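Have a look at these structures, which come just after this line.
Heads up, the next two complexes both have chain A, just with different partners, chain B and then chain C.
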Partner chain A sequence: MLSIEGVSSGYGKILAVKDVNLLVEEGEIVVLLGANGAGKSTLLRTISGAMKPKSGSIIFKGQRIDGKKPHLIVKEGVVQVEEGRGILSRMSVKENLDMGAYLRSDKDGIMKDLERVFQKFPRLKERLNQNAGTLSGGEQQMLAIGRAMMANPKLLLMDEPSLGLSPNFVELIIRAIREFRDQDGYTILLVEQNAKKALDIADRGYILETGRIVLEGTAQDLLNNEELQRAYLGRDAKTRED
Partner chain B sequence: MILFQQLINGLMLGATYSLVAIGYTLIFGVLGLLHFAHGEVLMAGAFMGLYIILWSGLPLYITLPLTMIATGILGLIVQFFAIRPIKKDYHLAPLLSTIGVTIILQHLAIKIFGGYGTRFPDAISTKIYKFGALTISSDSLLIFGIAVMLMLVLYFFIAKTKVGRAMRAVAESHLTAGFLGVNVDRIVLITFGVASALAGAAGVLVGIAFHTITPFMGLTFALKGLVVMLLGGLGNVVGAMIGGLILGLAEVSSVVLIPSEINLQDVFAFGIMILILIFKPEGLFGTRVSKR
Partner chain C sequence: MDYLFSVAAIAGINIIMALSFYLPFITGQISLGQAGFMAIGAYASAVCSVKFGIPYVPAVLLGGVMAGVAGFVLGMPALRIKGIYLLLLTMGFGEIVRVIFINIDYVGGAAGLGGIPYQEYTTLYAYGTVVILTVFFYRLRKSRMGRAFQAIGDDEDTAEIIGVNIATAKLTAFSVGAFIAGIGGGILAHFQEYIEPLMFGVMHGVEFIVFAIFGGIQIFWGPIFGALALTFIPEFLREIQEWRMELYGLLLIVMMIVRPQGVIGLDVIKWIKKKLLRIR
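Now for the complex of A and B:
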């Protein structure tokens, strides 16, 4: 569904993503792991068209999308839940959800998707007319994800959706992501710090280190990989203790 | 009773400031750019209005929208050719470019209209209303009324329409707006068009109010608009609306309260600006500027 071939991308002269090859098949959850500053967000921003790749190509459903403007890529069905949530804090919850459906005009479909969002995150319905900036971190993440659902995505790019959330909210978000694949038919490329939890629901994974893919495999293989356990999964265990 | 007429004058003057400041603040909101040439767009609007009336004799209610369309297009041209192509990485470059546009527009105007004052035709027949001891001229009422109406329309546009919502999204974050499917470049362009149309309307209203227009009139209004934008809070549209009225009233009161041979109005206005910068840099109503 998404095929990234030899993509390099960066800021000014500095390359933050170097010659990356990555594949996401339809119906998969693919997780992208890596330390802070490894280039995960840069890669997602490049897929979404916020940055132009310096080289390589990005192909979605058989069509090249690299170099296209972000709104045209959204139109193709590639929707990103950005790092830090990207809530429009001066708008109400309802307006944020409406913005999710910005490119759509199918009123019935929009209404149906709004109901789906409320079903998944009932809390948003209670807060509908509240200013989005006043929501808690967890609620904002629900809003960011709900807003992405309103765009009727085919491929959902999620940049650290569980970052900074309490364990309950992390569970909720992780469950929502699994349901997206199993029930809603979304394909998902997920960036996560929470490696164990992400690999538990993922089909396959890639490890990014200073801009390069250094390891890839099925989620099961990665979970069992000793080196990885030391580097990422160990740290997870530690954060859960405190 | 003179005070009452002054109050109306203050509101009238203030409402034109509001129109200018709204444009400034809209553009500052979406681009973080001080659009220096905004005053010259007002000036261009005043001259366009003048010639539409002179040549065609069209009434104000047609002249005004025509002028707004013309200056709106001027705004699009300025954005497309003088601002969009400039890399945002160089902080001062867009600002310098708009200063360049200022000089170009001003000198074009001098070349075409001459560097002296031109009498603005009477777009409406002035009536003086008397309510007992109160006298109010229809000019000031009309100008105030038109300005308030334009502000209400703009408010509705920004609050309720899809494009207005997209403008607010772009003002919060270009990145997020793009990820939501907003064509950010187009929205920025539209913002320039809307802001410039309002400046054009302000130009015509200023022409009616002051009867004389010059190629240099832009600077005063640009600076007053700037004061109002700071007063209302950067990027805050409602703040700009209220801030304009406050400044207009303050200026007129200064004339009434401190009678003086020399005109202290501007001392007052820019004194206010410095005080705001020192004590309340976020403005009276809070800033709303994009985190790009």
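Now for the complex of A and C:
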């Protein structure tokens, strides 16, 4: 569905992402792991069009999308959930959700998706007319994800959705992501710090180190990889509930 | 009575100018250059009337279009910069416009351009324009484009991720804001009968901002109220006229502390709506 070939990207002359090849098949959850500054967010921003790649190509459903304007990429069905939530804090919860469907005109589909958001995150329905800036961190994350659902995405790019959330909220978000694949038919490229949790629900994974892919494989292989266990999962990852 | 009408006309023009500042402001673009666009509108419409004998309404509209085109051109570099740098760019633009007019002999240079046909019904035209703008802003608020403007003003990166074409939206807001300022300039020119570059200094650009910030920036009623209040009150308190700019400064500081959203916030609008419903 998404194929990234030899992509380099970065700010100015410094490349944060170097010659990356990455593949996401339809119906998969692919997780992208790596330390701070490895280039994960840069890669996501390059896919969503917020940054232009210096070289290489990004192909979505057989079409090149690299170099396209962000709003055109959203129109294709590639929707990003920003790190740090990125909600419109001066607008209400309802207005935020409405804005998610900004590029759509199918009223029935929008109504249906709104119901789906409420089903998934009932809390948002309770807070509908509240100012989004007054929501708690977990609620803001729900709102950001709910808003992405409103865009009728085919591929969801999620940047650290569990960052800074309480364990309960982390569980809820992780479950939501799993359901996205199993019930909603979204394909997901997930950037996560919480490697164990992410690999548990993912199909495949890539490890990014200082801008390069150093390891890739099925989620199971990565969970069993000794080097990875030391680096990201903690020595006794398999027994510990992270 | 004549005096009152003339103050009312100026207040109407000030409302137009405050709204011209407010439109790009919704998308987070703060322009100090509205006086420059006003100058372009004033000079263009005056030239239309004086040199070509074009009637009032088309002349003023042409002035607006000229200012709008200038806004479009300036809006493009403005897309790439934000905050204090945009302020500097627009301030520089305002000064450049002024200096250019000083050096064009065709429009009278520093001595100014006189003999502009007087529009007797300026008050009517000014408030007619205000009514049209009010309807425009009211409908904008409910429209797709209006919500996109607000989203950009709230958080540009997020608006982009939602799928808003921010370059188009910001450029539209900036150009239409300049067009509105140009209309204000044209109406002013045909009211004063005489214009000179000095009338369009940067301090006027600051004044328009003060109208909006004082009146309120959450909804378009704010700038309208701000321009009305800050035009009429100093007129009736002649003693403070001289200290107007100093008082504006003080007013802004007090507002920032006490009520940063301005006098007419969304809460006030809600309250008024409730009262109106009760009366009905």
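Things worth noting here:
Everything below uses one rule, namely that the second predicted complex is superposed on the first by the 234 of 242 C-alpha atoms of A that agree within 3 Å, B and C clash if a C-alpha of one lies under 4 Å from a C-alpha of the other, contacts with A are read in each partner's own complex, and residues count from 1 in each chain.
Just so we're on the same page, contacts are C-beta pairs under 8 Å (C-beta built on N, C-alpha and C of every residue); 3 or more make two chains touch, one makes a residue touch a chain.
The shown structure was predicted, so the numbers you read here are calculated from the model rather than taken from an experiment.
In the three-chain model built by superposing on chain A, chain B clashes with chain C.
Looking at the shared chain after the overlay, A:13 reaches neither chain B nor chain C. Judged by the touch definition given at the top, the superposed model places A:99 against both chain B and chain C. Look at A:107: by the touch rule set out above, it reaches neither chain B nor chain C.
Contacts of A:74 after superposition: both chain B and chain C are touched. Within chain A, the residues touching chain B in one complex and chain C in the other are 48, 50, 69-71, 74-75, 79-80, 82, 86, 88-91, 95, 98-100, 102-103, 147, 151.
Interface residues of chain B facing chain A in the complex, by the touch rule stated above, are 162, 165-166, 168-169, 172-173, 175-176, 178-185, 288.
Listed in rising order, the residues of chain A touching chain C in the complex are 48, 50, 69-71, 74-75, 79-80, 82, 86-91, 95, 98-100, 102-103, 147, 151.
Against chain B, in their complex, chain A makes its touches with residues 45, 48-50, 69-71, 74-75, 79-80, 82, 86, 88-91, 95, 98-100, 102-103, 147, 151. Chain C contributes residues 144, 147-148, 150-151, 153-155, 157-167 to its touches with chain A in the complex.
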